[in-house]
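Shared chain: chain A. Partners: chain B in the first complex, chain C in the second.
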Partner chain A sequence: MIDAAARLRRPLWLRVYLGVTLVLFVAAAAFGLLFSPRDVNQGDLIRIMYAHVSVAWIGFVAVGLTAVFGALYLWRGKRRWDVLAVASAEMGLFFAALTIIGGMTYSRPTLNTFWTWDAKLTLTAIMVALMVGYFVVRGLIDDPVRRGRVSAVVAIVAAASLPFNYLAAEWFRTLHPAKSVALDGSGVTMDPTMLRVLLFNTAVAGLIYLGFMLDRVRLGRIEAELEDERMAVATAPTPGKEVVRV
Partner chain B sequence: MNDLQAVLWVARKDLLQEARSKAVTVATVFFSAVTLGVLAFAFGENPLLMREGAMGALWVALAFAGVISAAQSWQADLEDGALETLLTWPLPRAAVYLGKLLANWGLMTTLGLLLLPIAGGLYGATLGPGWPLLLAVIAAGTLGFALIAVFYAGLTANLRARESLLPVLMFPVVVPILLAAVRASNAIAGPGDLDLAWAWLRLLVGFDLVYAVVCLTLFRFVVEA
Partner chain C sequence: MFDGWTQWTWVTIAWLELVLAYGGYLLYLNWRRRKLLADDRARRVIERQARGRA
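For the complex of A and B:
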């Protein structure tokens, strides 16, 4: 039996971490809202970009890590990889949904439309659909081993399809603002202050991801233990023994 | 029995079963015919819109038919524990997947070849001089679609609500294949831009190869009993 009530409480170090992250989040928002210069073309609207782009980047990292944890689960078969994969998937779905909301907020005043069939938008929408599918599959399988295995497969195929979705959609047509930061290191076409604010916002989004991950993994472990205990009770009932259900 | 023979035997079993039950044939042929009809109504009386939408309508019909066909190929094996028997054979799991893939691909390509003139005629589209390339696009597009459809149909075969779950899971993954197939077909049937069609076809074949590798690698985790 697990003393769930005591374990559900967040440990002190995690509370401190989350508190510091909250302070940094406020600072990042302030940098974007106050210190960033106005954009030549977009004026104050550029301030949405800091929240939007940083969240989008971390969202893709989260989905990618879900696949990595899924692959580790398939390889090693250890329950903790599955717990990590779920935690990352939840954050991936959350950040992807935020990306779409932020993107629509940003695109209405700048591009004069809520939605364009642009490569990045299409990709993010598909990513949301893929992650929803991931959770639907998880919800339908009771056996934890089979659930972990099948959902890991779903996560890996989903992540593998993302580059192709992007490629196909980019070839299809695109209206999204061109990348200001080329990932191949060929250069940055952005005001240095703006870039610093963006990178700071991205770092804070990463810290938020990490904080939620730590907390979710902590809960996921308890969840997994309880589930295993219930399975054991269900398969081999011992007469006369009380079963505590939380 | 070597692995190639195993693949062919699984494909033969599925096709034989289909030849006797005709469950997929009846469902997909009528369903795709209805789809083409409904889309023709949706386009209205604008002949230009009809011509340009012909290939899109063809692929919509093929995509929905492909889901039915893939789901049915596992569904039939669920009865009387046939799937368990199949999986206890000393075959690599990938052989079961490849066999079912082959059977599904065959059915979908046949359906595509059947629908192509119907869609062309119904929507007033001319296939142009590039029609042999269009056959290659149909073959490559249905292969990519069947790769994903059979994979996910196997994954959902034992789950509750599999009928509604299969499209939810597979369509986001299959988007690049459909997009490339529709673009390539449109480039051929519309303006006859064969260079553009080649570019999309090459991309399509690339997608097929990558998905084939991913699905073959992961399939043993999908059906492991």
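For the complex of A and C:
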């Protein structure tokens, strides 16, 4: 029997980590809001970009890692990969939803609309819908093994959209602006100070992702152990009762 | 409605979204932790009662 009460408390190291992350977040916000230069075209609205783009990149990483953990669960069958996949999926949904909300806040004053069915926006909306589906699927299946396998497939399907999402702004020059930072090293069309502020904000968003993951994984592990314990109790023969085998 | 909003209004809203989201997620984790603990305690009480009847 596990002692859930003692293990559920956030350990000191995690509280310190989250505290340091909070300080770094305040610093990142200060860089974006106070120290970043104004943009020639967007003026002060460029300060939204640091919040929006950093969260979007980490959201993509979270969805990608969900698929990796899901694939590892399909391959190895160990429960810990499923626990990691669920935690990362929650983060993926969280950051992707935040990307859409932040994108709408950025889009209205710069492009005069909250939303349009632009390729990149549509692909992001589909990704969010798939991540919602991930949790709907998990809620519908009681058997932990089957639940882990089916949801892993959903995560892989969601992650399959990521390369198209990354390239959508290049392929379809519609509403969403093209990339200013290319991952293939082909160039950066951004002021160096702005780039540094953006990278710092992305690093802090990454640290927040990691901190939330660590906390969520701890919870997930205890939930999994309690579920196993509950199932063991439910399937154990009742003492004093004869088991009739047919 | 939104045409009269200044650039700094939009910037403030965008950053407040992050603050609310991060704070909200931490509150959600705390709620989940408390719920897990309450469910576990309730289950143990039921199991103890069931063992007592058996």
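Rule of thumb we're sticking to: the second predicted complex is superposed on the first by the 223 of 246 C-alpha atoms of A that agree within 3 Å, B and C clash if a C-alpha of one lies under 4 Å from a C-alpha of the other, contacts with A are read in each partner's own complex, and residues count from 1 in each chain.
We adopt the following convention: contacts are C-beta pairs under 8 Å (C-beta built on N, C-alpha and C of every residue); 3 or more make two chains touch, one makes a residue touch a chain.
The structure displayed is predicted, hence computed values, not measured ones.
When the two complexes are overlaid on their common chain A, residue A:196 makes contact with neither chain B nor chain C.
Looking at the superposition, the partner that touches the larger set of chain A residues, chain B or chain C, turns out to be C. In the superposed model, A:126 makes contact with chain B only, not with chain C.
Once the two complexes are laid over each other on the shared chain, residue contacts for A:153 go to chain B alone; chain C is not touched.
Contact with chain B, but none with chain C, is seen for A:136 once the two complexes are overlaid on the shared chain. Contact with chain B, but none with chain C, is seen for A:168 once the two complexes are overlaid on the shared chain. No residue of chain A lies in contact with both chain B in one complex and chain C in the other.
Of all residues in chain A, those touching chain C in their complex are 4-5, 8, 18, 25, 29, 32-33, 43-45, 47-48, 51-52, 55, 94, 98, 101-102, 105-106, 108-109, 208, 212, 215-216, 219, 222-223, 226, 230, 233, 238-240. Residue ranges of chain A in contact with chain B, taken from their complex: 74, 122, 126, 129-130, 132-133, 136-137, 140-141, 149-150, 152-154, 156-158, 160-161, 164-165, 167-169, 171-172. On chain C, the positions that touch chain A within their shared complex are 2, 5, 7-8, 10-11, 13-15, 17-18, 21-22, 25-26, 29, 32-33, 36-37, 40, 43, 47, 54. Against chain A, in their complex, chain B makes its touches with residues 151, 155-156, 159-161, 165, 168-169, 171-173, 175-176, 179-180, 183, 200, 203, 207, 210-211, 214-215, 218, 221-222, 224.
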